[in-house]
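Below you'll find the structure I mean.
Think of it as A, B, C and D in the order they're written, each chain with its own count starting at 1.
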Amino acid sequence: MVLSDTLLDFFLETRNRTESICKPLEIEDYVVQPIVDVSPPKWHLGHTTWFFEEFILKPHAENYKIFDPDFSFVFNSYYETVGKRVIRTDRGNLSRPSVQRIYEYRHYVTDAVKTFFDKWGNQEINDLLEIGIHHEKQHQELLLTDIKYILGNNPLFPKYADFPVEHMIENRPGEWMAVEEGVYEIGHNSEVFCYDNELGRHKVYLQPYCISNKLVTNGEFMEFMEAGGYQRFDLWHSDGWDWVNQNNICAPLYWHKIDGQWHYYTFKGLQKIDLQTPLTHISYYEAFAYAQWKGCRLPTEFEWETAQPQFPWGKRWEWTESAYLPYPNYKKADGALGEYNGKFMVNQKVLRGGSIATPTKHTRPTYRNFFQPSLRWQFTGLRLAK
Amino acid sequence: MVLSDTLLDFFLETRNRTESICKPLEIEDYVVQPIVDVSPPKWHLGHTTWFFEEFILKPHAENYKIFDPDFSFVFNSYYETVGKRVIRTDRGNLSRPSVQRIYEYRHYVTDAVKTFFDKWGNQEINDLLEIGIHHEKQHQELLLTDIKYILGNNPLFPKYADFPVEHMIENRPGEWMAVEEGVYEIGHNSEVFCYDNELGRHKVYLQPYCISNKLVTNGEFMEFMEAGGYQRFDLWHSDGWDWVNQNNICAPLYWHKIDGQWHYYTFKGLQKIDLQTPLTHISYYEAFAYAQWKGCRLPTEFEWETAQPQFPWGKRWEWTESAYLPYPNYKKADGALGEYNGKFMVNQKVLRGGSIATPTKHTRPTYRNFFQPSLRWQFTGLRLAK
Amino acid sequence: MVLSDTLLDFFLETRNRTESICKPLEIEDYVVQPIVDVSPPKWHLGHTTWFFEEFILKPHAENYKIFDPDFSFVFNSYYETVGKRVIRTDRGNLSRPSVQRIYEYRHYVTDAVKTFFDKWGNQEINDLLEIGIHHEKQHQELLLTDIKYILGNNPLFPKYADFPVEHMIENRPGEWMAVEEGVYEIGHNSEVFCYDNELGRHKVYLQPYCISNKLVTNGEFMEFMEAGGYQRFDLWHSDGWDWVNQNNICAPLYWHKIDGQWHYYTFKGLQKIDLQTPLTHISYYEAFAYAQWKGCRLPTEFEWETAQPQFPWGKRWEWTESAYLPYPNYKKADGALGEYNGKFMVNQKVLRGGSIATPTKHTRPTYRNFFQPSLRWQFTGLRLAK
Amino acid sequence: MVLSDTLLDFFLETRNRTESICKPLEIEDYVVQPIVDVSPPKWHLGHTTWFFEEFILKPHAENYKIFDPDFSFVFNSYYETVGKRVIRTDRGNLSRPSVQRIYEYRHYVTDAVKTFFDKWGNQEINDLLEIGIHHEKQHQELLLTDIKYILGNNPLFPKYADFPVEHMIENRPGEWMAVEEGVYEIGHNSEVFCYDNELGRHKVYLQPYCISNKLVTNGEFMEFMEAGGYQRFDLWHSDGWDWVNQNNICAPLYWHKIDGQWHYYTFKGLQKIDLQTPLTHISYYEAFAYAQWKGCRLPTEFEWETAQPQFPWGKRWEWTESAYLPYPNYKKADGALGEYNGKFMVNQKVLRGGSIATPTKHTRPTYRNFFQPSLRWQFTGLRLAK
């Protein structure tokens, strides 16, 4: 548990950082939604604010005056308990409330939480605040990846900023780390904050396995491409093969062949591919096909969690072979907060690690990220096992 | 033909008015595209500018320096001759170029045309300028109707401005105007500017008919609604009935039943329906079904053109029964300008008249507007014939 | 008006011919529906029978015992007045009622009409019978073209029969037939049966024009193909160009390039293209693009009707430039029969003439066929005008 | 390993049974494909035959004369290695080859295998024959469930036969069977035939759990329906809730409310719901929602396999909470047979048990069936765990 004063600092720091991420944007960049998986930055700003208003201020803060009653309709995401959700594809059509008005909303709610904070002494509200902070940190990561998508799909390929730095080379020899057969413990077991999907620490039995100490690089993936990997159906799942063909996939997301040479869009703009840098922006299907081609496989999330003290991680979210399922004895919370994780536990794959877009203190060895297997706009990557 | 000095004034006045229309907007309103038929205001600003750059400055103005070579890709609309068109549904994803940059582009091109204007003495270029001006005026109307759509589909229903005034009552008794059987002449025959689709004045034979001197009002249409008009398939075309059912249509566009009372969104915001005001925002299918229900029909475009001196018009674009087809001896122009009208002469209906959103001097008795029969976001209306 | 005995013969001959058309089929061929525009042959057999049961026997024949009450649900087509229609795409899923059962239904209803016929002496019922016969003749044409589609889209390309003969050469020099400007009369004016959409004979004013005395041939169309006609957007309507690209159209329907040589599927099986034969299985869009390429145009339906005594016709349904619209004073019949024609008078093009699949006595100079502009499975063709 | 003579008997018995299943069908029933997941019976007859021709006769039987070279195109399913697959949705359009011709194909291939069988003495070919037999048995189950779908979606609801009997009551008190925490072994370990996805027997660690000795019944599920289970989003996965709403799901497949009373379609025709009978034709989403509502959960496939000796099973395929993933050390076979299982190991759920449509000897405690979570046309069911 975090002490209260620290918690308020943590809250304020988090609120500030979200706004810092938006600093380099033009007003117009806050508005668009090129695909359903991406939300407009203005929506992230509003939604993370709405969360504190809805779950802390409205039910607990006496005399709290709601900023604008329409906002709970506009900024709810998928919380069916709270009200009729806005259809996700519509977010990109909402020119109002304006960006300025949303910033007013943010500051109003931040101030209200701060004021209210002095008056409560309540663990329940502390817990709500902490989950709200972590919720906002999760959205900081989405904000960055959504901004990259918005600018990286603009024909002018505008630069965002010199940060975050996407290219961090793992500058050491590759090795296979061996793990012995046996019973291991999986799941969260410290005082640190975690989500409900990490709880229920429990035993699993692992067969002996090896896991690489390095992520797969752009150069290694380019060998797969040159070997015709995207044309060889035997390397792919049936669903993956359909995905490749229906979307004419022939390279990772953001890669463009210009005058015969591969480039990719980065936060700094278009650049030549760096061969040493860990590969990113691939789907699970591509990760799997690459592993097949190498005669290897992806680790399960349990193998990853067990082996992770032996290698550095945190540059890329790493696809695992594991489906996103509840741990034994998983219980989802009552009410709207119970919708946070449990209802997504089907048709998704687990990713482990964290990425250059992940806020500090926002990941840990037991953190379970999850996405549909075709998605690529996160800083996804790939580590082999065998 | 317009004299040259007047032409330059006409050009400058037109350029100004486009920008005036956008004055009441927030930056965010310039960006969004809620449906494919609607374009973002910033796109209209850029596209009308691109037209002058592409067809006058680039080919004719010596030493003209292109503002930004990427813009011809971004702001082309459907001119296949000029280059690969941007897929229409993508317009709403383009946060860049920014609104400010597009205004710079506008002023740069306006100035370049003005400077260049003093040097030419050429009828061909005068003609191109004139078509460019009329093209921009056409977009002024779309700009207004697109703005209405963008704001009118926002759950906050923001006000645009106190103009244009949508509610102009036709305050006189309704009458049937009779026209005798015979041969009449149709098509443009004056010195005034017109589009190629109005040319080729020719004879048509009309049977005797009557046409109403008034547009159908909201109140009259509400009777149709109350009589179950939207539920009676026998009043509808087969395609119209499918359209009603697939889209759950039960009222004109922008109508909302709030606490048991019908309202509509107007440029001023949500208002109660005014029963005396001419009906608007209906599809051809609805116009046809209403006429069927009244035991009448819509006029053809030839009937309308012949009878129009006998009644006031210009508040609503009026659906006709005529399909949009070439007049006898219609010849489309060579090159990109030939794509202006001819290629749309299938699957569309002719509308005659003009609307409160039509710029002054931009319509005339022979003007042929055209849309797919399901579209409603223009200020469409309905006049009965029999 | 047809005399009564002849009418009964006409009825029986028509009922027989429908069944003759199905003789060459395997049971399996009766069942499938490869695209929504095509109906399974068994459905045609049932639907034409249902028409007599529904509109003559049920309301007029005393003591008539309905064959099977479920059939009115299964075999209704688009008659909203009569009951909930079966969704068209579902027809191909109905393995029952079996083909044999449908033949039993046919014979039962044919006999019932015959028996009932001796008892009535009523012009109204004669008229209903006549419309039912013509309805069945219309379905005979669809039956043939649907059979061609079913077999022609089977990878085994099975032969249907040696008839109808598709290849009839117009063996005479091509000429332009000139027609003078003036007022002409259009529409049905004889005692012969016609549909309501041909009625209301009326005057039209035609400008002077020329029309070809021959249909465009396969050889002529191949020149268009070789000249890149399918790749030149300037020859196409905007909708036509979208259709070409979305469907990868590069030749008429049923054409296949095999070992470098063009073949087409015919009722006799795959054959080499005959260059002299009139072109068929093209959409309106293709007809229009070809005419543009030749510097000509398609005739209007009024031009065609006026000029038709001067040239032979009847091998191909000929696309016209005319949209399918009501004639002046068109009134649709009350009740279900009123749905026959009027409700399709939007978004369709008129075809004139008749084809090798048209039953004898089933077309005439004033007959108006109509289809959406993209459809090709009828024996459509093309005659130039200028 | 099965001894050779027995193997031939097993082969012949299997070939015969497939044809017996089709005995009650009309020719028309062999042809249709109402949804993509269902294949026409004639396709099953051809495809199971093609398997023996393609993998045994063509590569191994000297002088074997291929029955018809076009058939490998028509009857291949998803084996990308063998050739261009027929798009699945097209199967229902193929009226030819006729049913009779497919029976000729079957008998030709059955005879050829029999003749060839006397000459070989080869374990490799025995193995291929065995896998072909099991492949055909798998299709026998699909054949039955596809026939049920074809007839059960026909508005005439025709009876198939008096078998298989769908209603087998589990006539004993319900109990929770407890299993202790510990390491258990999972996967195939006997001489009996199994698929590659069952191999790689390995240890798993199970937490203590309880599993029901009975399947959930129709009566119990009806309580869920009456409690508004289909309207309570908190019981559903997010994907499941979308599935319910997009498809208007309000009951298991084949259930119809007639005159206020629930009925279901069975092989015998429409019948009243039997409350004691185990529930069937539900999706994973429905199984999960029911378990949530009961405060329980579905067992994992490992829990099921470990506990299964303690309860009877085999009436319904039972949804588990497990995603379909490879066992440790899973290796897919080379070539086309490698496509059998491995390429489906994403986005699917494991089912365990077997159903009344499963051929005898075709399931076992380690058998892993798998389907997308929304599918319901198999005889799926539900057993609770906690």
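For the reader, a short list of remarks on this structure follows.
Methods note: a residue touches a chain if its C-beta (ideal position, glycine included) is under 8 Å from a C-beta of that chain, and two chains touch if they have at least 3 such contacts.
Only a predicted model underlies this, so the values are computations on that prediction, with no experimental measurement involved.
Counting steps between touching chains, the shortest path from chain B to chain D takes 2.
Look at where the CA atoms of chain B average out and do the same for chain C: the two points lie 37 Å apart. Centre-to-centre, using mean CA coordinates, chain C is 45 Å away from chain D. One simple way to say how far apart two chains are is to compare their mean CA positions; for chain A and chain C this gives 58 Å.
None of the residues of chain D touches two or more other chains. Pairs of chains meeting the touch criterion are A-B, A-D, B-C, C-D.
Those residues of chain C lying in contact with chain B across their complex are 78, 80-81, 183, 202-205, 207, 209, 233-234, 236-241, 284-285, 288, 297, 321-323, 325-326, 328-329, 338-339, 343-347, 349, 373. Residues of chain C touching chain D in their complex: 26-34, 42, 70, 73-74, 92-99, 150-151, 153-156, 158.
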